[in-house]
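Each of the next two complexes has chain A plus one more chain, namely chain B in the first and chain C in the second.
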Partner chain A sequence: MDIVFIANLVVAGIVEGSLIALAALAMTLVFGVARFPNAATGDFMAFGAYAALMAYATAGLPIWLAAAIAIAATALLALVSYRFVFSKLLNRSPVANLLASIGVALIIRSALSWYFGSAQRTFSFPLVRSMNLGGIRIHPTDLAVVGVALAAMLVVFTLLYVTPLGRRMRAVADNPLLARASGIRSAYVMVALWLIAGGVSALAGVLLGVKAIVTPEMGFDVLLHIFTATVLGGIGNPLGAVVGGLVIGIAQELASPIVGASYKLAVGFVVLVALLLVRPQGLFGGAEVTR
Partner chain B sequence: MDAYLIALASFGLIYLLLVVGLNLQYGFAGLTNFGVVGFYALGAYTSAILATRGVPVPLALAGAMLVAMVPAFLLGLLSLRLRDDYLAVVTLGFAELVKLVVTNEAWLTRGPHGIPDIPPLVDAALSPDLRPAVELGVLLLVNAVALYAIWRIVRSPFGRAIFAIREDETAVTALGKDPLGFKIKAFMIGAALAGLAGGLQAHHLSYISPEQFLPILTFYVWIAVLIGGVGTLSGTVVGTAILILLLEGSRFLRDLIPGVSETDLASARLMIVGLAIVVVTIHRPEGIMGRTAK
Partner chain C sequence: MVHLSRRRFAASIASLAASTAFLPRFAGAQAPEFRIGALCPITGAGAQYGAGMQRAIQFAANQVNAAGGAAGRQLRVFTEDDQTQPEAGVLAAKKLIEVNQVQAVVGTWASGVTLAVIPMAVRANVLAMNVSGAPDISALHNDGMSWRFHPTNAEFGKAFAAVCAKQGYKRPALMGFNNAFGLGLTGGFQAAWEKGGGTIAGRVIYEPRRPSYRGEVQEILRAKPDVIVMGSYLADTTLIMREAFQEGYEGRWIMPGWSANDQLVAALGPQATEGVISMDTIPNEGSGAFKSFDDEYKRAMNVSGASNVFAAMSYDMVISLALALEAAGPSASPREIGQKMRLVANPDGTKVYGFAEGKDALKRGKINYEGASGALDFDEFGDVKGNFLMSVIEKGRLVRKDVVAG
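The block that comes next holds the complex of A and B.
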């Protein structure tokens, strides 16, 4: 393996990883505040991708406007799922919430496959030639995907660490009882949380759809990676989730010449099991007691 | 119509084994196994591979149970260190891993082509008219034995111990019992049942391929456990019956509404299962036959 070959793998890993990172950001926010792994994250992504596809391909809107519509629509969908499902399970176990999120995931997926069918769809962009930097090929679409993902992360981090809303969210994630005692209205925080989670998932879905293909299962297929990135970064740790996503993406690409392309997906699973055994609190987590 | 009812009952009985297995794991021992389909596929492929190479069907089925127990042992070891929701995701990943192996190791599993000509459950010399009924009898017998065995297990000191672990693990540890040992055993017995169900399915259909083992199957089994009642055996039977009704009932949609395609049906089934999970989790977490919540 020469250095250019490895560099190409790393580039591919960063592109894939930034998408996982964005989705993991959505998952870790919900995990940190609502305290369960939201299995519907992947299906929010698929919903967003289809919404954008409708606006872009059917209505003929520009891609940025289509993405904005998808973000708004999915944020609303996430809020609806909170209002009708998760708000009724606030005091129940993580497993009950996880099960309900699988139910929500199946409902969304069935609606998508009912309406759009299970055939693969694509955002048909005009073909562009890759840039070649001394053997390292970089595709302009990939560059745009990574750029948008990073920009979105920046927006979320600003929201979390600069605004009063973000401070409240982090307070609830840190200690819900103390947050309530300090006069933070958790209902308000929850609404904001689900809007953000839905919007961020949608953008991750749109970018994944732009990079690859759109199917009803596209989100479910990456769910394990998203979860692994979330655990890798430490539950409820937004920066950790982003780093975790990049690590998974790069590890998967680097491993593929060794284990074969068909077992690429298994890399995430192996990382997850090893991680849970050795460092369940994540790479950056403190000594959180998990049990 | 008789043939249809026999096919339906056979289908239901194979599911019943999966539901009993998961109910032992989740209902009694509190193990969140989201990888049911993985154990099921492992059993199906083991039994099919053995039987097509000349191993007698009963032995092949025993092999299926044994092979399914191996990952259950490892995952059971892991479960000590994992929260319930983490175990759920890890087992989900395990099932995906099984699917990858089954799809890619074509030298063993014939990959996407699937394995044809799997020897039937009953003597192939039997007349084709009689065979489904005899197979149904075999499935009934296997289920009766399995249910009786689980009933005995649940009422034994072992069963009381795993039930106590679910209720309060710390208290059980304080009494000097080892929760991990019990949990691993419960996990392995449940996995063996899933493996057996897979093996039976393989011989029943005589053909298996990777797309018969979709992740959604796991949640079919879950919904049966949740509807019937977590931790009750009568609930297992009721839950399975309702599940079959939900799955097969969607088939009749086609008679009611014209122009419904096979994909539409699959979507409808997915929708029904999704709604059922949400409604049961919110409104009746203890299930139909379950004890009322404490």
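The block that comes next holds the complex of A and C.
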């Protein structure tokens, strides 16, 4: 393997990894605050992708506006699913919530394939060749995907660590009872959480749809990667989810010439198992999330 | 309130159960009905064909029933979705066999589904008919219990190799979807190509449902191929071709017709798809059977029957099965019916092109059903040979070029 080939694989890994990272961020936020793995994350993504596709291809809006509409629509969908499903299960076990989220996922996926059919759709951007930087090939779409994903993560981190809302969310994530005792209204935090989780998922879905194709199963198909990245980073830790996504993406690409492309997914799990043996709480997980 | 609606609900379920329980008894006044399970890919990778296949099975059964049924038995079709997944396919087949008590499960499309369903069907003494391509299926013929209406993947690969040789390509590289079909096609290609004295430039077997195939594409482009041979489906082909274009690939592609179609052109545009060679199994377009299939298909689906060769194959399943049932008699077991398949479809008999005609001709001796999908001559493994149509995408349109015999 020459160095250019390896560099190209790393680039491919970073692009895929940042997509996974963004979706994992949405999942880990829900886990941190609402304390269950949200299996509907992938289907929020698919919903967002279809919403953007409708706005872009059918209504003819520019892509940035279509993405904004998709984010708003999916945030609303996430809020609706909280209002009618997850708010009823607030004090139930994570397993009850997980099962409910699988139900929500199935409803969204079925509704999408009922309304749009199962045929693939694409954002038909004109195809262009990649830029060739000394053998390392970089495509404008990839730059856009990584750029937008990074920007979105930055926004979420700012929201979490700079604003009062973020402080409240982190307080509820750390200790819901203590947060309530300090006068933080958890209902308000939950609404904010689901809006953010829906919006971030939608953006990840739009990016995935632009880069790949749009199908009702598109989000479900990457759900396993998202789970892996979330666990790898330390469940409930936003920074961990992002790093986890990138690690999985790059490790899979680098390993595939050696072990064969058909074992890509397995490589992700090998990385996960190896890390969990050394650090059971994940890359950035604190002790409190492992209890 | 809750109580009342729950009771009402229970009552309606009970009446539903009662009505279905009584139905067969009314219908079975003379000979009992012959039950067929239509197990097609309504969702998943095969979804673009599954609905048409299911309709073809239904209207074929209607044609048989309109002609007075087979051996005096009316056909009744139960439908299930195999989701193009072995797990879902097995569960659905189990339901068809155990609950609906079908005597034939017809219409499985993906090789993985077919490979999982056949052993189950055989154990339950139920006939299985498929349109799959995996070479391994040939070994499951089980003395007439399993029948394949589609040429094997190895045959597909052989036809691909013949086309590549004819076009003068020197460095073919193989990309295969990691399933029985992708492995079978690339394996068949490699065997045929190497037998002809050529060598393979590179080979990558990839996982389904990936968000990107860039690493795989980079690996295959390092082999500097002049043609990339795809054992693929539409979704993965869309991603792979787009990424290969972005990486600067300017060579040719050859792939199955379900990948190289209008949807691919719609997704990638005419420039990136120019010159793609599409290989398709084609229906038996000149035959009378095709015409009667096509007429019904247009009525049911609003598109030409030529657009769905699997539906033509599914149609042939029911017609040939009904003819075999007619030949075997009303009390024949599925195995006895299976053993009549060659008698009604293979050469030497009077050529017939539909059920009513065949039923009539059977009174006078052997018949040879020439199907809507092909000549339908089964070999010792219950496999048919197909004809392959080679088309090339030119300016965004598929243009027919050549027919290659399988």
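To be clear about the criterion, the second predicted complex is superposed on the first by the 281 of 291 C-alpha atoms of A that agree within 3 Å, B and C clash if a C-alpha of one lies under 4 Å from a C-alpha of the other, contacts with A are read in each partner's own complex, and residues count from 1 in each chain.
As a convention for this text, a residue touches a chain if its C-beta (ideal position, glycine included) is under 8 Å from a C-beta of that chain, and two chains touch if they have at least 3 such contacts.
Because the structure is a prediction, the values reported are computed rather than measured.
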item: When chain B and chain C are modelled together on chain A, clash or fit; value: clash
item: First, second, both or neither for A:Ser256, with chain B first and chain C second; value: second
item: Touched partner set for A:Glu16, first chain B, second chain C, both or neither; value: second
item: Touching partner for A:Trp64 - first (chain B), second (chain C), both, neither; value: neither
item: First, second, both or neither for A:Ile107, with chain B first and chain C second; value: first
item: First (chain B), second (chain C), both or neither touched by A:Leu265; value: both
item: Partner chain(s) touched by A:Asn8 [first = chain B, second = chain C, both, neither]; value: second
item: Chain B versus chain C as contact partner of A:Val128, first or second or both or neither; value: second
item: Touching partner for A:Ser118 - first (chain B), second (chain C), both, neither; value: both
item: Touching partner for A:Val231 - first (chain B), second (chain C), both, neither; value: first
item: From 112-120, 166-174, 238-246 or 274-282, the chain B stretch with C-alpha clashes against chain C; value: 112-120
item: Common ground on chain A, meaning residues reached by chain C in one complex and by chain B in the other; value: 113, 118, 260, 262, 265
item: Complex contact set, residues of chain A against chain B; value: 36-37, 85, 88-89, 92-96, 98-100, 102-111, 113-114, 117-118, 220, 224, 227, 231, 260, 262-263, 265-266, 268-269, 272-273, 276-277, 280, 290-291
item: Of chain C, residues touching chain A in the complex; value: 43-44, 47-48, 178, 204-207, 209-212, 214-216, 218-219, 222, 234-235, 238-239, 242, 245-248, 263, 266-269, 271-272
item: Chain B - residues contacting chain A, complex; value: 32, 78, 81-86, 88-90, 92-94, 96-97, 100, 103-104, 215-216, 219, 222, 226, 263-264, 266-271, 273-278, 281-282, 285
item: List of chain A residues in touch with chain C within their complex; value: 5, 8-9, 12-13, 15-16, 19-20, 113, 118-120, 122, 124, 126-130, 132, 137, 139, 141, 208, 211-213, 215, 217, 221-222, 225, 252-253, 256-257, 260-262, 264-265
